[in-house]
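Got some structures for you, see below.
Common to both upcoming complexes is subunit A, partnered first by subunit B, then by subunit C.
Right after this comes the complex of A and B.
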């Protein structure tokens, strides 16, 4: 009977092409907009750390004085960072900040390019599961004894060195030569969870240099630098010695024991610093916190409130579309009342009439869903082009291929339920004479 | 076959109560061909709707084929309509988007017959009304008489115990009306009970029994036995 109802539904859709097209368009636009919002929301609320989310901890300190900031700074001062790097409790620990400079290579036809750089420690790659194509990270000793070594990504390798295994070759950052020790494969975590302070949806950097070079090379800071008191930064050293916060510090703490130990270590570190006249906000009982990746993303409001409002608005728009569809379906179905009267007279039960019409509605919903997918794809591609986020937004999340027909079907059935119920209650005797 | 006792049907509005049928009694035996006549508004259609379980009634008792059908729910009524009753309407009431075979097939689908059984019955019914060669035609491609034959085929395909015909020749010219009437007579000779509402006294005379309804009550029986002259009559 289901195939028969589908056949009848399809005939009915073809019989009233304009009305059917209106309904399909209404549902497809509603679904398309909902999908775009959901996809953006899903992208932003995705936790790319996966299973390692609970192991990686962003370390934050309340280093500000009283009556200043009301929240933890996402970043640490250079002096705190250098001190925290001394702890051997974390399995791995990584300091990093975003910098940038002009990149070029000898003998390359490519023009020098300004690129963003991540200044970080050797364990960055292992900690954030960065895949290598060639070579690997620099030696751990470089984290203490600075050396001009660099890890670049495949895109940069292709642009300036023509691709392939170029480990050992030299690339220039501004005027300083760096020896390539590793080339990473395509890696684009979204959100960029290791540092959301510089745009959670920005690209991962294409160049990675040792953090230990910071005082020597005086890398410019391309990220946020925050201060809670007036401190003139005349020299780079002023920055290094200041209370300005600008460095992210991640610790890999595999279990609760390690987390507790590191918390205790941090507490005693703060006490030492207080003895030295720092961490002066005595209104607090705790001056440190460890956030795992999920907590960090939530705390950083990676999914902005606007995005949630957008989801609500798109759901509202879908609801408006559904109300329109409800009206159109009611018109369409009531026009068919004489035929339904005949069907009822010759033996159709109300349930059978209801099912027949719900199947038709489902077909309209499915058609709307398919076209809605096209709208969503078009919308996301346009949005991705506009925002320069082709990689992240330029394709539909795989779950949407299942969610879309489900939402479209559910929405259409919701809208069709009342018209189908009205028509199935048709009193056959009313129409048999008049037809 | 059909027994109605003290059937009352009252239509109520805020201001008016209308008695469409009042203490309506009727007994129809198996194999009868009964014509129902009466002036407009006398209650003929209401009677037919109640007889066909298309409408309920206010009071009384209705037994159809030995089953008390006075108080059935929608599903039960639909099932009995499908299995025991065939309908023929003045306006044919074919579904315009379906071809002849599909139109005849509709009640058989609701009955749950498999494809082979449906095909057999559709072919047989359309052959019986002389339209076996036009199964794929749409109703709009047929004359009025042919459309009514399709409607009869649809009613017959389910092999009902009785046929209810509401002005079956009302929209046909005299030649086609005669052909349809001959078809109904043939069906009746094969054992199907027929109740036919008509305004046409000529057609009514061809039935075995005439019932006249006036003001919602049976007021006259006229019995014909094969000829045109009434054999007995009673008020």
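Right after this comes the complex of A and C.
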């Protein structure tokens, strides 16, 4: 029966090509625009941490004095970071910040390149599930006793060392030699959830060096450094001793118990620091907070406001398209009333007439959906191109393959319900007489 | 020609079609008014003057990785080289690039005691050489620029001199002149304000304090990594990248020189999200209008077929062609006006929702009003074409059975 209805529907669509084309166009544009904003939302609101999202906690402290910032800084000071690293409550804890420098390798033809570097602790890779191709992270002892070791990614490995297992070889950051201990596979979490402060859709860094080297190597800070009081940073040591915030600190806390314990530990840490004259904002009752990955991404407003506005407006747009189609369908179906009258007279039930028309509407919806998907793809490519974010935005999220047909069918049926209902109530007698 | 009563009674008889049209217009007004308002708001953001000769300023970064490099000497040499390149009119090192989205911000306080002094609003804090003003092309409207012999090289040096942007000077000193005022950083560092520049924007296009900026006489020379800006004729800018690279590499090959951008390019990147938003919304409005008017035309055409007999009868009873056209127009206007009224209310409601949910200012009533006016024009055209066809229906039709 369904195939018969589809055949009938297709015939009917072909019989009024202009009107049908108009309807398909309208619905496809509505779907296309909705898909674009939904797709952008999907990509940006994605939580790459998956099931580890509730386990990983970004630690934030209210270290600023009164009358300065009105919200938590995303980063910590160096002194707080060093103290927090002492706590053994988190299963893993990782300090990190973004740096950069000129990379080159001895005997390589490749010119030195400026690359961004992540300065971090050994457990970064385990904490954020970074896949290794060769080797692994540096030993945990390096986090205390600094050593010149480095983890690089496969892309860098190919550019400077020609690919393959190059663990043990040397690359240079500026003029300092580092021994490669691990090479990681392609890894590109989007958003870059371990640090969204400098562009949440940016690439992950290609080089990872021990955090413990910071005071020796004086790595430049490529991320944000924020201060709430006047503190000139003349030497690197000024930076280390200052109240400026510039380091992210993640703690892995597997259950509520651990979270509670760590919160208590932090509270007593703050009290201890207050005794030393820090954390002077007395208007507060709490000076610390732990954000899991989902909370951190929300708090950092990774999904831009504009995107939410677009979703709302495109939903309204789709609604206009639906009303439009509703009118056109009504027009079209009523025109066919005589035909339906005859069908009813020779025994078709109302239900059958209703179904027949719903099938036709669904066909239109699906056609619109397919074309809408093309619009969306086209739109996204253009959009990503304009924003210079080809890799991050210029692709369809897998969820769109389910989203598109559901929106298309749902929309078409919503629009078709009333016209199909009107037409199935046609009185056969009226049309038989007038024919 | 324009009689409302018969049109109204015919509208009341077949309610569904007009009702749908009404709904469509209500929604369209709500969308178009809000989208138009957002577009206008974004365009206004982009059109603010930066005070800078954006297209004539080329910026780049330089990183010295060589081991035995005397950084202060190197910077001095590099600036000399740059300033001697033919075509370059001015060059300076800088701690930050305007309109780029990243940079330094700071505050001054108005007295030596940090406990009691009042703080200025946050501003973009440009540190560079005496040619910064000429490089950017900003206009010194009061006081003077600092001289080469007044340059400092560290943030804690004494003899700090600064130029303020006029909006900041007005915010801090009101009607009083800024020139000659002394500001503080911490308790020890005094800064004398020696000049005011008319307009100079900072780095963050979405900041409330975008127009607040300060240029201070500090040429930082202890960093491995430096940013530069050079001013040239707009025509000469494209060729400069290669010239600069060659000249600086010839002096010392151990460096990475990259990120060549004119300030206009940086500005476009910073505003990319706004531009895309405005673009998407414009496309949305156009498509919406196309769909609405096509749908309307389709409906009217169908109505004509259905009402052929009625039209024929009216014609036979003496109605002129323009009466028929008028009937359709009045019908459309009735729907448009009532839809516009409801849609306007919905648009204002949507606007106030957007305002509370997002950081959008409140939309004025003129936006829905303009939308309704626009829709009137477009729907009139959309109706006029099929209506003129309807007017051609011959009175003879009425006598036949349809």
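Side notes on the structure shown:
Heads up, the rule we're going with is that the second predicted complex is superposed on the first by the 417 of 435 C-alpha atoms of A that agree within 3 Å, B and C clash if a C-alpha of one lies under 4 Å from a C-alpha of the other, contacts with A are read in each partner's own complex, and residues count from 1 in each chain.
The working rule: a contact is a pair of C-beta atoms (placed from the backbone, for glycine too) under 8 Å apart; a residue touches a chain by one contact, two chains touch by 3 or more.
These numbers were taken from a predicted model, which means no experiment stands behind them.
Superposition of the two structures on subunit A leaves subunit B and subunit C fitting side by side, clash-free. Residue contacts after overlaying the shared chain place A:48 against neither subunit B nor subunit C. In the superposed pair of complexes, A:428 makes contact with subunit B only, with no contact to subunit C. By the touch criterion stated above, A:215 is placed in contact with neither subunit B nor subunit C.
Of the two partner chains placed by superposition, only subunit C is touched by A:306; subunit B is not.
Working from the superposition on chain A, the subunit A vertex angle toward subunit B and subunit C, CA centres, sits at 90° in steps of 10. When the shared chain is aligned, subunit C comes close enough to touch A:314, but subunit B does not. Of the two partners, subunit B and subunit C, it is C that touches more residues of subunit A.
Looking at the shared chain after the overlay, A:15 reaches subunit B, while subunit C stays out of its contact range. Following the chain A superposition, subunit B and subunit C show a smallest Cα-Cα distance of 12 angstrom. Under the contact criterion defined above, the residues of subunit A that touch both subunit B in one complex and subunit C in the other are 434. Listed in rising order, the residues of subunit A touching subunit B in the complex are 1, 4, 11-12, 15, 338-339, 341-352, 427-429, 432-435.
Residue ranges of subunit C in contact with subunit A, taken from their complex: 16-17, 20-21, 23-24, 27-28, 30-31, 34-35, 38, 63, 65-67, 102, 106, 114, 154-156, 185-186, 189, 224-225, 256, 258, 269, 272-273, 275-277, 279-281, 284, 287-288, 291-292, 294-295, 298-299, 302, 305-306, 354, 357-360, 401.
Within the complex formed with subunit C, the subunit A residues making contact are 19, 22, 25-26, 29, 33, 36, 101-102, 112-114, 174-175, 198, 220, 229-234, 304-306, 308-310, 312-314, 316-317, 319-321, 323-324, 326-328, 330-331, 334-335, 383, 386-388, 422, 434. Of all residues in subunit B, only 45, 49, 52, 54-55, 74-75, 78-79, 81-83, 87, 89-91, 93-95, 97, 106-107, 109-111, 154-155, 158, 166 touch subunit A in the complex they form.
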